[in-house]
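All chains are identified by letter, namely A, B, C and D, in their written order; residue positions are counted from 1 within each chain.
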Amino acid sequence: MSLLNEEKINQERVTIGGKKQARKTYGFDEISLVPGKITLDIDLCDTSFILGKHKFDFPIIASAMDSVVSSYTAVEINKLGGLAVLNLQGLYTRYENYDEVLNKITNVDNDSFVPLMQDIYKEPIKEELIKKRIQEIKSHNAICAVSVTPNVANAYAKLIQDSGADIFVVQSTVVSIEHKSNDKTNCFDLKTFIENTKIPVVVGNCVTYDVALEHMKAGASAVLVGIGPGAACTSRGVLGIGVPMATSIADCAQARDEYFSKTGRYVHIIGDGGMSVGGDICKAIACGADAVMIGSPFAKTKEAPGNGYHWGMATPSPVLPRGTRIKVGTLGTLKELLLGPARFDDGSQNLVGALKTSMSTLGAQNIKEMQQVDIVIAPSILTEGKVFQKAQKLGMGK
Amino acid sequence: MSLLNEEKINQERVTIGGKKQARKTYGFDEISLVPGKITLDIDLCDTSFILGKHKFDFPIIASAMDSVVSSYTAVEINKLGGLAVLNLQGLYTRYENYDEVLNKITNVDNDSFVPLMQDIYKEPIKEELIKKRIQEIKSHNAICAVSVTPNVANAYAKLIQDSGADIFVVQSTVVSIEHKSNDKTNCFDLKTFIENTKIPVVVGNCVTYDVALEHMKAGASAVLVGIGPGAACTSRGVLGIGVPMATSIADCAQARDEYFSKTGRYVHIIGDGGMSVGGDICKAIACGADAVMIGSPFAKTKEAPGNGYHWGMATPSPVLPRGTRIKVGTLGTLKELLLGPARFDDGSQNLVGALKTSMSTLGAQNIKEMQQVDIVIAPSILTEGKVFQKAQKLGMGK
Amino acid sequence: MSLLNEEKINQERVTIGGKKQARKTYGFDEISLVPGKITLDIDLCDTSFILGKHKFDFPIIASAMDSVVSSYTAVEINKLGGLAVLNLQGLYTRYENYDEVLNKITNVDNDSFVPLMQDIYKEPIKEELIKKRIQEIKSHNAICAVSVTPNVANAYAKLIQDSGADIFVVQSTVVSIEHKSNDKTNCFDLKTFIENTKIPVVVGNCVTYDVALEHMKAGASAVLVGIGPGAACTSRGVLGIGVPMATSIADCAQARDEYFSKTGRYVHIIGDGGMSVGGDICKAIACGADAVMIGSPFAKTKEAPGNGYHWGMATPSPVLPRGTRIKVGTLGTLKELLLGPARFDDGSQNLVGALKTSMSTLGAQNIKEMQQVDIVIAPSILTEGKVFQKAQKLGMGK
Amino acid sequence: MSLLNEEKINQERVTIGGKKQARKTYGFDEISLVPGKITLDIDLCDTSFILGKHKFDFPIIASAMDSVVSSYTAVEINKLGGLAVLNLQGLYTRYENYDEVLNKITNVDNDSFVPLMQDIYKEPIKEELIKKRIQEIKSHNAICAVSVTPNVANAYAKLIQDSGADIFVVQSTVVSIEHKSNDKTNCFDLKTFIENTKIPVVVGNCVTYDVALEHMKAGASAVLVGIGPGAACTSRGVLGIGVPMATSIADCAQARDEYFSKTGRYVHIIGDGGMSVGGDICKAIACGADAVMIGSPFAKTKEAPGNGYHWGMATPSPVLPRGTRIKVGTLGTLKELLLGPARFDDGSQNLVGALKTSMSTLGAQNIKEMQQVDIVIAPSILTEGKVFQKAQKLGMGK
């Protein structure tokens, strides 16, 4: 037992210099899943995901980003069996007619993108539009999940619930346990907020055991895990901040398991960011996630508001823009993305089919079993051989 | 002894996060072979490989893929001293005149490739074509190895043996020890199958000690090792699944050695996938393989059915296409590929000559000795220096 | 305690071969910062930096390089709250009218750059220009920091102080504890020099605990840390010399902490080189730096003397040119670089805002707290996925 | 002491899979040199290298390759203070007028290169040309070093010595301790050969402690260390064979030190291959080499026979061509390469100046002290940041 502990310590911490120590962490590109003794027929694999009283066919949630979820796409995703989160501080609650704004964003050149976003976000948020967007979703009998940042969560809480929202997401880049501010109104008390809220509250993002555990203790129904890894996120370059997803998810899943064993209450871990293909989603769950939140794959669908572009929600910052705009192109429909059939063979479509196939290959009957499959460290570093193969695929070389 | 065990544990497992541990694994790009005290004249190096009662001049087997092995190429490879496996669920048993189908595949554009393959595979398999293809091979007195997936192995077993096949390969992406299904007819019992089959049965693919050992206990004559590493395989991106070859082979070779020491029966380990040059084949054997199965190098020969293209057998999946089509080009003849002389100096030709030269340099007189040569961890990562050298080779830069 | 020591040893040294051991070191690309339990309002974050009696708004110093700091830019940077160091052995003290010389440098082609620089530096340094440049800075009431190499420090010491300089930087690629020379006049005694100098003396560069500690004992007010990592530095290719910054800074910060605990005197550690974006600066401080010195980001400003080019100060060596000229382009103003607002979202602008945002996200109220934040090892190696993302950003691929 | 041993074992061996273990090895790209407490004036640094009774100004030897050393360049290199080895089984002893052959080689297209080389090497070696080439060198009072492969060493030994050669190099890709052959005349006995040879004998290549030690016991004056790392070598791709240089040199240097402490005889370790810039040479010596042998840097000089091309000596193999032809271009003169002044700042010129500058920076007065400098593990992996810097240097991007 004590030997095992030492081993764990040996593996986890290195000395950078002086007395500065750091833990070794892992991302999806460094791990891979291993088939074991059992395989399953694909129809035995259950991918369903339950949040509060709502059951979804699969544990894939569309991100609360302007380029990913409008009230229209929220409804469409729900029809296919999934969940989408509408950001209530983005374009859709600032502009009645957002189509022309979206057109401006997708037509601007790269150098003018940040100033344009800063300009667009000067328009204030309108309460009537918050109500309208929620009702647009509810009018189609879809599950309505909406997100706001902690600093405005209390202000909009009543309006959001009264408008009929089903799930309340409180999300910013980092939600800590304690926020220090000279302005007392700026201090968000998650525990009190949740106690006063009648619908399930999802909170994030965080990356560590401690913070995830505190969010659970505060009553969160689910915790969003992931800082820095998203395709449209530049936190690591700008702020030096970011934790690889495999480690973040495994740490927070550990908090969930210990909290569950002590309290009997199961709080979902939702991996958020850094996943672009089916294999990444399978790895996130194998690391311990109950569900994932993804942005860029949705941004590539025909139904996406971004018209083939994808951008981060930190971009509009008037002082320190941090997201970036990526031309992701348009690959296919929402249905092809989620349920297939896939027209491409690179893992970019039929994400649910990929998850089920992976589960059947790994012998996992449901998400809880998928969280237990065997993982190996197998870095997919760019070797000479891979560059050569890649070049061949692209038709380069002899 | 106990110290050695601790060391082994230390090297093998790291903590990803929480209590999630993972083993560190190795691929061919991360290892290299080390010359020792002895060298040999090349004519002292014996590369022969025996499977059942059949002896081959070298341990290199052509993959059961449409772009690699037709009945024609199976005969030609056999004439050169090698073994090829014909896939009985591919084009050749669906179409009497497959040349026009092959032409369609090689002429289609990249975006239409997957739908075309899905369409082509709608044509059912015909029993008379199974019989015909086997007899085409046997009529030239060639050793005939054929493959089917486990779910149809029983259905075709009698036909295949009656038609004269010499070696029976039961192969799918992953063959586990226990397959769970609601449909009882879908459960393939390997042990019973092998007991009822008169010719040697090769089974795969697997990647772990446990599964390889169970296949051996079930009576397999050889086990195919490798999931996810092939050039035309995208399992890792789509499903998150894959184990680096050096580790897979070494683990399964360990199962072989222990099974042999207990039973006296020697079951071959055949490394399958992820090898494109002579050096990879040498490394596979040094890791413990008795033979290798390769696809893309054969697809580059003038005799290959793929006309300079290579594609995976998982591509036609109507729901989740997973292989991909690579333009591999046509480098030379089958004879140049296997026996040389090589017209290129990059390890893409004269694979048998490369193996013999490597064995003579490393002092290995036969495959069993080659399995014992010294290996080092020496990642061929893409360094700045290597990029510069590569650029120079391509005539770039100043 | 003894266990901790063993662990430290285990992590730090590997055997290259024979008895040759080497320590594992870390650069900024291999680490990342981790948000913890506390976050702060950004206006609670104090980035001020005090050197001698001079207080600066932020701990970012412009490098003593021709392409970065002229007397004009030194004044402008000071107006914005920062510090710049003027190199007294560069162009500005060799040429009265340096504009035409700068034009020559930025207009020359790559192959002629080194010979041109060697030619330009044949012009001797003029004492009246040393005086003039210092007075140009002081005439605007700016803090004046100037640098010379150790071998001429004594010769120019009186002139520099008499001309009104506020901070004396003694800098060369490597400043050791003991320099051996047949020419006794070539041996610079740092301790005696500092005793005879009335203004604060900054010394560097060094990379190790021992040398940093000796510089502190000799009386240095700050120690420059960094050998080999700069964007315009080619020491590693030419000389094989260089130590990754995260390790260098952490080691020297350890010397600072131990020296402080014994003497009560606090000597600043200034990370110098290898930082190009805000995230790198945040990481340098998290590793233990009190401030950073950067060159290339300043070279990209409209006010920079280099006109969109940046080059190292080792380039003019008549025998062994070592720096290189990089076309860095012109991104924006000095104010945008330091204080924002950023027009780009890649961390290249608003460095102070980035530092404050990172501190607020990590819960650090000042630089000393920022030196304590949690670091993880998280290599940003170029994976296949990242290459794909990068290609998408650049509009490549499908 | 026993703890230290365990640590060493821990660092050196990992388990690939099963019971297959492998040692972790290191190349030049993974290490870097660290300045210490002492620096030196450059004129205190002595780079001289003594082999037998011959003293050279610097420890850099030109490789025995057709594209690197002709009798003319051997003389020119000797005039500059260095040593070059002429290959007696290459072009120069097969063709009286080799200029037209060299022209053919440099004018052929890439695809026809290997067949052309195979054709050119069909011409037999002529004894009169061996004599003539040696005498061409000796007629200029230059030190004459020549190389042959072990299998012909005895046959040409008398002719070579009688013709006046000063140093005898017995070299092939791998020279083991025991070569097994059915043809007894094919077994080269190094010990007997050296006893019968009056001039110093250099032997190689090898990469391990054991083999280096046996060569020393057999009487070698120097041992060539390096298999697989050269710029024009493709052994790793073709044969899977190769050991990173830092580890090879350190291991063989250990054999030298132990052999010296037991016998008092000092046998030089010459690092051969994989070095392209000054920094690599500095690292080779820091790892324990007494001298280095390099090819491609010499091939880039105006005096080189290869006219801007460089190719390996294994290329002409009629069966398994293994070297490759690289267009290296022509950068400058032999004098610029070795003694400078450098016209480029990337370490490609003034190799002796780079070595001296590195020694002065690291405080090493001679090669023996340079072998003791501090090394760190600091992989120069291709990070996103470096790719960005590289792109900037090349004028790409914004």
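The working rule: a contact is a pair of C-beta atoms (placed from the backbone, for glycine too) under 8 Å apart; a residue touches a chain by one contact, two chains touch by 3 or more.
All of these numbers come straight from a predicted model, not from anything done at the bench.
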Maximum centroid distance from subunit B, chain identifier (CA atoms): C
Residue-number overlap at the subunit A/subunit C interface, same or different (half cut): different
CA centroid of subunit B to CA centroid of subunit C, Å: 53
Chain centre separation in whole Å, for subunit D relative to subunit C (CA means): 38
Interface hub residues of subunit C, defined as touching at least two other chains: 10, 24-25, 28, 247, 380-382, 386
Residue ranges of subunit C in contact with subunit A within the complex: 3, 7-8, 10-12, 24-26, 28, 31-41, 43-44, 209, 246-255, 257, 277-283, 286-288, 340-347, 350, 353-354, 357-358, 361-363, 365, 375-378, 380-389, 392-393, 395, 398
Partner subunit B, residues of subunit D touching it in the complex: 6, 9-10, 13-20, 22-25, 27-29, 111, 114-115, 118, 173-183, 186, 206-208, 210-211, 214, 227-228, 231, 234, 236-244, 247, 276, 315, 318-324, 326-329, 379-382, 386, 390
